Structures are given as structure tokens and as C-alpha cells.
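Working notes, beginning with the structure itself.
Per-chain numbering from 1; labels A, B, C and D assigned in written order.
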Amino acid sequence: MKRIAVLTSGGDAPGMNAAIRAVVRKALYEGMEVFGINYGYAGLVAGDIRQLHHNDVGDMISRGGTFLYSARYPEFATEEGQLKGIEQLKKFGIEGLVVIGGDGSYRGALALTKHGYPTIGLPGTIDNDIPGTDFCIGFDTAINTVLDSLDKIRDTATSHVRTFIVEVMGRNAGDIALWAGVSGGAEQIIIPEKEFDMAEVATKITEGREKGKKHTIIVLAEGVMNGNKFAEELYKFGDYHARVTVLGHVQRGGSPTARDRVLASQFGARAVDYLKEGKGGLCLGIVNNEIIASDIIDTLEKGSHRPNVALYKLNQEISN
Amino acid sequence: MKRIAVLTSGGDAPGMNAAIRAVVRKALYEGMEVFGINYGYAGLVAGDIRQLHHNDVGDMISRGGTFLYSARYPEFATEEGQLKGIEQLKKFGIEGLVVIGGDGSYRGALALTKHGYPTIGLPGTIDNDIPGTDFCIGFDTAINTVLDSLDKIRDTATSHVRTFIVEVMGRNAGDIALWAGVSGGAEQIIIPEKEFDMAEVATKITEGREKGKKHTIIVLAEGVMNGNKFAEELYKFGDYHARVTVLGHVQRGGSPTARDRVLASQFGARAVDYLKEGKGGLCLGIVNNEIIASDIIDTLEKGSHRPNVALYKLNQEISN
Amino acid sequence: MKRIAVLTSGGDAPGMNAAIRAVVRKALYEGMEVFGINYGYAGLVAGDIRQLHHNDVGDMISRGGTFLYSARYPEFATEEGQLKGIEQLKKFGIEGLVVIGGDGSYRGALALTKHGYPTIGLPGTIDNDIPGTDFCIGFDTAINTVLDSLDKIRDTATSHVRTFIVEVMGRNAGDIALWAGVSGGAEQIIIPEKEFDMAEVATKITEGREKGKKHTIIVLAEGVMNGNKFAEELYKFGDYHARVTVLGHVQRGGSPTARDRVLASQFGARAVDYLKEGKGGLCLGIVNNEIIASDIIDTLEKGSHRPNVALYKLNQEISN
Amino acid sequence: MKRIAVLTSGGDAPGMNAAIRAVVRKALYEGMEVFGINYGYAGLVAGDIRQLHHNDVGDMISRGGTFLYSARYPEFATEEGQLKGIEQLKKFGIEGLVVIGGDGSYRGALALTKHGYPTIGLPGTIDNDIPGTDFCIGFDTAINTVLDSLDKIRDTATSHVRTFIVEVMGRNAGDIALWAGVSGGAEQIIIPEKEFDMAEVATKITEGREKGKKHTIIVLAEGVMNGNKFAEELYKFGDYHARVTVLGHVQRGGSPTARDRVLASQFGARAVDYLKEGKGGLCLGIVNNEIIASDIIDTLEKGSHRPNVALYKLNQEISN
């Protein structure tokens, strides 16, 4: 291929800019032309497309968000939208597409693949819930952002001998809660992948206090329930005045960590390698510490994301 | 005096530990003995008091929270509680007291002063709402914490062309909202000290978009109303889908900034100077960039906190 | 005035972009046109000048460095260079100039003023060594950057029971060393404004160890001597194996702190106020917590910078 | 086993405290007793040993350095020292030892193993140069610290259109340079594992400027040569005025990242699992994203560390 394009779609994630930069730089290095599509699939359908040059991505590696903007665009679920998108790409002479995003973005990439358009998906979502990879772009930054908040909340929790419930993102996945919880020394982690018993939650708080613990921090994945509801339920089991903090969109921003920038760079460059060889229909991942490509149809239809639930047990053993 | 004590009370603030450290180190430097009281006025009444030595405050300057713990203790509003506290101090041979905290803490210090017990108040609250000082210990750290969150939220707001309402602390004062809002480049700042008109808020969002702004960030002081209520009200004026982030207790933690550590150190050392000379009944402040002492009775009964509302107008001129 | 320009010159400082943004936004708010000059006085003389619009400064408030670039340009010390610069400004119809920078930049602004060209200087240098102001743009960020490094070095110093000499910037001023030293809990601070006796430095290290201190951190202002030389001199007084860290240019970068952004915004907007009224020949400062303007000729010819040396004594009392 | 001990040795690394905490908490969870040895092998030989309880490691997960202190102790290379150490352990009834550290620490663990004492090594060094693992405790934090400095230096480099040489740690390994260089968008990375040609370094700087790059950042691993020497050599190839920054010990400190805390927790808990089963003579690692144990004799005598040099090529393709 001689001319490719890149778009970001769905929720933004730190490192998306680093991935775009890698696609652009690697494509130029290989003598290809590269185009950026604004606002994800919405911009694709609308033809909001421009050529990208070396300096367009200068200093982009350190920036959070995505300079190509993102958007949710349910209309792309229709065949009409998809064909319109392919038409736009062809109009610009673009032969292959790199899509960076999460679940919804991948479904778009899958549709393009089924229409025969060479597309490569890069997993970019802080939720880390994409099949075909152990880690997604943005996850490492997000867990460090949450960790930073947990460290701050612990100052207050310790000073006041309090219980805090910290609701974190992750959609239906517990990855953020698990990693941030273990690294933040949270006394309890509540995730969708593991049943929990509120009576036990209450008992552990009491036991911790008896052991001399000055704080109890419970990290709660949003996929289980929201923080205020959890606090109410907990209160039914005794006089537990828990403060609730909902970290919210702060988790999606920030300058990416070293890992996220390296991972994004590896993915971006590798995507260009495949397109250069004319290969599409793939999604990239890092599995067992190696960058790999899988068939996007297989991965989405048969694969599933498996969080590292061994961390759950680890935390119960060392953070109580 | 030869023997003094220190306590922290009310909501914790970054830099309280730096202030305690300065009290301890300066007292030892002056040949005095110094005691720490745990859990604020509650510990004072209960006699939870221990001597502090040079190494007890080693490396404390960098830590958030307060290693003497804090507590709200409404019982100290009664004369009985106050006299019990003084009795405990006398039992330990303690001749003067340094109280670090906010509004409620100051009222306790005022009561002790009225009973004739030499007490000095140091303003420690992220809300920055204490009379007698331009800045309180913890405020500088808090505005930088909020700023960090605003920078992160802007990544997402820009990437998605969205409106965000960010609710920040401050009780009835708008200081955090003002300083964080100006420094974060927030399009609008809503504070208790200034009336606002929701129709105008809505108009400005629309105008910003027309100017090509990719994001609208509204920093809302909690003293006005809560973020979700604000979003609902805004929605009445048009199709404004604003995301709400409530930063919460994260704002109260964290390693203190350079300014907060220096200010806390200045306050702590100065408090010891006064107690050494036998002077109590004072509260310290930084006014016009100078460390000063004021009569605590006068200050609390006649003084008032005045936020820098010039920042409000400044922001309207440069951030729209 | 209807048309003004802004340049940054000399060493860059965090917050310069925030100041440029405030000049641009305030000028537009006042109905004026505003131009940016690239590469400081070099670009002025060369006519590297372009109009700036609302979106040119979007998101600039959070960025370190200066997007107008900076340069040292000794040729501007000649009358020829100065007249050439004024000619360029007139060619573009520019009636007044805002100069953001340190010592050398101010001398350029002084020269333009003496030639009758309306110029306003804003103090922007991490060294904080400009007369007419208590604080310069960039200083607050720099001391927090140094503080962050001191906190990290203390981890290692404590773990290994070591002595560290940390050389910090400041040219001939000790401000960075003083503020970072006090806030970092450095055992000793060595600044140009205070004589020091190496024998005493050595004695204090020994005394600290005897008191049980696990680390000795000496913050050394570059204006005294360089770190390696200091370590050598110290070694003559006994078996002191001090590690040396030279923080270097890291101190000049980074996203500005809340204070630096607010200060820069206040300065930038105020400069436009004066130029709008046709007033030049001024330099702005924050003195006793108030934004003021002084005559630039008086300030540079008679004024002098006075660091807060009270912090020196404070540190000796609380950090030994 | 019923009673085990833990020590940290060699250069400190962020996450060592998290690893100690995990050893302590997991041992208590398993009903074992656990002892801490101060000052590494020096303290082992001297018998500077104390029991550790649940609260001794409270809040330790977030702290840089090692609260058990570390020391280099060449005397432990002698058989006499080793036997003395084992004698001390037996005196305290300690049946197994966890050693956290780098190269030298592992050699000590190897010696103890050869004497038949059950010992488990955990890789803790920012240099990441230990065989038997892809990543060492502390490496992730160190690369993020370096990255933060690179981002700051880029502000200045861009503002002044300059070349910077940034010397980073790593002993004979290029890992820090590789990861920080790629993530920092450094134009060139110089590591011991790859030959370099100074003429080519010079040519690339010139080419970058011609492409419009505003900065050139060269990340130099200390194992190649020191930064000043490199700058001198470079100058022989043309008028390249490169600034040199030697990041130094800042790289070894700081609160550990989420990854380092999780990795340290996994290692610490796993080490206890093995000792509980009576197994020693192992060193732990994370290989292909899985926690594994290898025979320490085999690993040290036959194994070697292999940095991810694919990153070198990647950087050449996307950062020039």
C-alpha cells in the first residue's frame, strides 16, 4: 500500500496520540502517505480527512487525549454508514485504515473487514477490556492516575480514621480496580468478576480497625454498582459511615506513562508493517509480553478479555 | 515557657505535618519541650498526649495529612469540655498550645484564649476561608491538585468536544474555584461570592463553540450548589449535555507543595517565638506577603475572609 | 493603542505561555490586534512577526517553555539593533510591545523605552532575580521541580545513610536554593547572599549523624560554586563522601504550577491595560501580594532584587 | 518454615518497600513469623535483626527507598562473612531468607544457597540488568522519572532550538535509555548494546534541523560514556553546542508506579509461598508476563539479561 489513514474512536485514552504519531512516522519512514480522519467514524463518513506530515505529530507523544478527536457514532453500525465510509476512503485513494479505540471501535473495524476493506485495530481504552491483548493503550496511565488519587485519599483516611469507597472506571471489567487496588494497598477490591458479600465487607472493616488500621479503602469497579449505592448497602450492616469518591473522567486524561507510550509506539509501527504488506483484518495486542496480531473476526467473535484475577487473591492475602 | 503542645483539628490539609515539624524543631532549638496531642480536641480532653522528639518529625515535611490525626469534636464547644482540656494540659505541665486547623479549630482556640490559656492558631485548611490571612496551609497544594485534574479533564473534553462541570471544595468560599479555574483556563467559574445567571452560562457555552473552542470547562464551587444539580439546571436552558466530575477528598491529600511547606514552616516557627515570650491569644497569617500575628478574639469576631475576586473578572476577560 | 506585540527572550520559564495567552486574550477582549514575535529580539530585528488569534493560544496555559521560542541575542545591545527592531514594529503598525523574560530581556526593554518606544516588561525567569517584583513567572514551578527531586534524592539518601550535594540554578541569586531547601527539609543551604564556612558545614554533617539523622542533604546555589568543587572542598575537612547531583535544565521546564499560571495571567492582562491607555516604560511585579507597575528605568538603574534571607535562618533552626 | 527474614541490599529501588510489605503480610497471613534485617548483608553479619509486625509495613507500599536501609558490603564476598551471616540467622531461629536487590545482592544469595541456606532472590534494581526476569522492581518507576525529565527538557530544547544530551543510569545495560528514549521521543538513543558512529550522530542532528525539528534530544546510557565526554566528542564533528544533563540519583527515588508496586507485591508473596514449602535456591522473575521461579545457581551462572533492543530500531524509524 502507498496511502493509509488513521482514526481514533470511542472514549479517549492516554497514548492515543503516541499511537497516531507512530503510525504517521512509520508510514513516512516506509515511503507511504498517511491521512488523519477527525472525529472517528463520524468524520470518516463525512470525509473530514487531511494528510498528515512529519511535524504534525511533533511533541504529540506526551499529550493526553487525541488530536484527531473522537466521537461515539452509533450510525456506523448500519451497512449504509459503513459503505459510505469506504467510499470516502476510496475517494482519497486510501488503501488501508488503522483504527485506535475500544469495543465500539473494534466493531466498526470488524464491519469494514467484512466488507473487504483492509483495516487494523489497535486496542486503546483505559478499561483494558478488549480481547486479543493483555494490555490496552491507556490502561497503564489510568491505573497510575487512580493510584495517585488513592495515595491522596489515604492521607485523609489515615488522618481521620475513616472508611472510603473509591469508585473507578472499567465498564464491565475489573482491571482498573484490581491493579489500582493492589498498588494502592486498598483493603478491599470489589469487581464484577468476583461475587462479594456485603456482610463480609462489613466484617473486614471492623477487623481492620481492631488490628489498628487507621483507614479502610475500598476500591469499587463501576461495573458492580455505583459508589453511593454501595455505601447505602454497607450502612445496612452497621454504623459504617463511608465517604464516597467517584474519580470520573480524570481517569481518562493525562500525559501517558512510559509503558503506554512505548506500547502505543510498538502498535502503531507494527500496524504500518502489516498494511505495507497489504494485510488487513487484524487486531494487534501484547500477549505474554510480545506484540502479536490476531484475526479480528476470530478475536471479536470467539475471544474474550480475561483480567488477572490472581491479583484479587493476592490482595486479600497482603492488604487486609 | 518551657513546655508546649501542638494539635491538628478539623479537616486535614497538606502541610499540617510540615507545621507540626516546625513547631517541634523550633521548640527544641529554643530549648523547650514539646508534646503532640492526637485526634485534635478529642485527644486533648482525653489526655492522648505524648512528648515529641527530633526524629519523630523526620521526613514529615513531605507527607500529606497529619500524623497527629484529626477529628471533629463538637463536644469541645461546651465549657465543660474546654476546662477538661485545660486541666489535661496542666496535668502534663504544658504552658501553651499551638492549634493547626480551620474554622472549628479556631473557635476552640478562641475558647481556650477566653479561659486565659495561651493558645496560638495556625490557619490550616484547603478552603482558605480563615480570617486574618491571605493564604492558609494546604490551599496551594489543593489548587495544584485541582489544576492537575482540570488538565486531565481537558484532554477528554477537547478530544470529545464536550462540556464538563467540575465541582470543587471550599465550603462557602470560592478561593479554590477561582485559583484553580484561572490556572486551569476554565471557561467559566461559579462561586458563592458572585451571583450567576444560568441563561448566561448557557449562552457563553454556545458562543465558545461558535468561536471554535473544543471544550467548555465550568469550575463550580461546592458552596453554590452541587454539580449534578447544576447540570440539571443548565439543561433547562438548552441541549447541554454536561458531564459532572466531583473531585472530592482527593483535594485534601497529597504531598504539600513548596509554598505550603515554606508557609507551614514559617508559621510553626513563629508560633514558638510567641509562646516562648509568653504570648498567646494570637492567630498567625500571611498578609501582603508578610507573616503577621493578630489578636485571635478580634480576628474571629470582627475579621472576615476576602477572596481575590479580581480573579473572577480576569478570567472572564481571558478565558472566554 | 490598537495593535501590540509580545515576545519572550532569554532563558525560558514555565508560565511564559500563560503570559502570552493572557496578553493575546486580553488584547482581543479589548478590541485590539496582537502580534507574536518569534525568537525574542532576534526575531524582532529580523521581522519574524505574525498576528495571533484566539485559538493560537488555546490550551497554551498548561504548556512549559514558550511557543514563541526564545533566543539570546547579544546584538540587541547595540543601538543599531534596537533601531532596526523599532523599525520592524512600525512596519507592522505595532504601537506597543510586551517583553517577557529575565535580566537581559529587561535591558532590551529598557533600551526600547529610552528610544521612546512604549514597552512593558514582565518578569519571567526561574532565577527570580529581577528587581521590582517579589516573584517572577516560573519561579514557583522551578522550586516545586527542585523539591520533587529533593524528595526523590532523600529516598536514596535515607536508604543508604548518605550525604548529597544538590546543585540548583539561580545565577547569582539564592532564591531557588532557599525555597527549595526549606521546603525539602535540606539540612544545609548554601547561597551567594550568605558567607559559609566549610569547616562548619562538615561539623554539622557529623552532628546530624550523631543525632540519628539518616541523611544529609545540602542544597547549593550555582552562584556559590559548582557541586563537584564543593564536594572536593568538603572532603578536605574529613572523610565525607558526598554524592553530587546537578539538576540542570530540568528546572526550566514543566507544566506551570497554579501560582505561576495565575501570576502570568495577571501580568499579561495588566500589561495590556497599560498599553491600551498608551502607557509604556513600565515593568510589572507582584509586591506585597499586589500586582504593581514601576518605571522600568528607575527599577533597573536603582532597584535590586532582595531574596527572602529570613528563610536561611529559619532553616538553620528547624532543619538541623 | 515458620520463621523467615527479609533484607534489601545494593542500590535502592522504588518498590523495595512494597516487596518487603508483601513478604511481611503474606508471611503473617500464612501464620509465619517474619524478621527484617537492616542495612543488607552488613546488618545480617552484625545481627541487626528485628521482628516485623502487621503495622510496621502500614503505608509502606507508597514509599520510595527501603525502610530496612541498604548498604554495599563487599566483605560478604568472603566465606567467613557468609558463614557469620548464616550463624546470625540460626541464632534468631530464622529458617529462610528473602533478598531484594540487584547484581551484588544476588551474588550474596547465591553464596548462601551454595552453603545450603534456603534463600530466595527478588530482582530489585532500576538498571533492570538481572538475568531471569524481563523486568526488575524499580525499573518502571525509573523510566517514568526519566521520562518526566525528558518532557521538561524538551520544553527548553524546543523553546531554544537546542541539542541536549541526557545521561541516564543503567550500569552496563541500556534498558533505561531504550524505554525512556522511545517514550520520550528522543531523536537518538545511545546504548552499550549497540555500536554507534559519532559522525552519524552528527549527521542526524543536522538532518533533523533541516526537517524543521525544534529540538534534538539524545538519551545516553551511562554504560557507553559520560555525557560531557560525549558532548566533547560530538563537537569534533561540527559546531554542535549540546547541553548535557546528568540525571543522577533522582532516578533511584520516588513513590513507585502501579506496575512496580504490583510486581513487588507479586514477588514478595510468591517468595513466601516457596519458603513455606521449604524451597530455597530460587530467584523470581516476570517472564512473558508470568511470575516464575528459576534455580538461582543456573540463572546466575548461565543466564544473561537481554534488553529489548527491538526498541532501538523502532526509535530510529519513528523518532528521527
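For this structure, a couple of remarks:
Basically, a residue touches a chain if its C-beta (ideal position, glycine included) is under 8 Å from a C-beta of that chain, and two chains touch if they have at least 3 such contacts.
These figures come from a predicted structure and were not determined experimentally.
Common partners of chain C and chain D, by the touch rule above, are absent. Farthest from chain D, judged by the mean position of CA atoms in each chain, is B.
Mean C-alpha positions place chain B and chain C at a centre distance of 28 Å.
If you average the Cα atoms of chain B and of chain D, the two centres end up 39 Å apart. Averaging C-alpha coordinates per chain places the centre of chain A 35 Å away from that of chain B. Residue positions 151, 154, 158, 214 of chain C are each in touch with at least two other chains. Chains that are in contact with each other form these pairs: A-B, A-D, B-C, C-D. The part of chain B that touches chain A in the complex is made up of residues 8, 11-12, 14, 16, 63-66, 69-71, 145, 149, 151-156, 158-161, 164, 214, 243-250, 252-254. Taken in their complex, chain A has these residues touching chain D: 21-22, 25-26, 29, 54-55, 58-59, 61-62, 134, 140, 143-144, 146-147, 151, 154, 158, 179-180, 182-185, 211-214, 255-259, 261-262, 265-266, 268-269, 287-290, 311, 314, 317-320.
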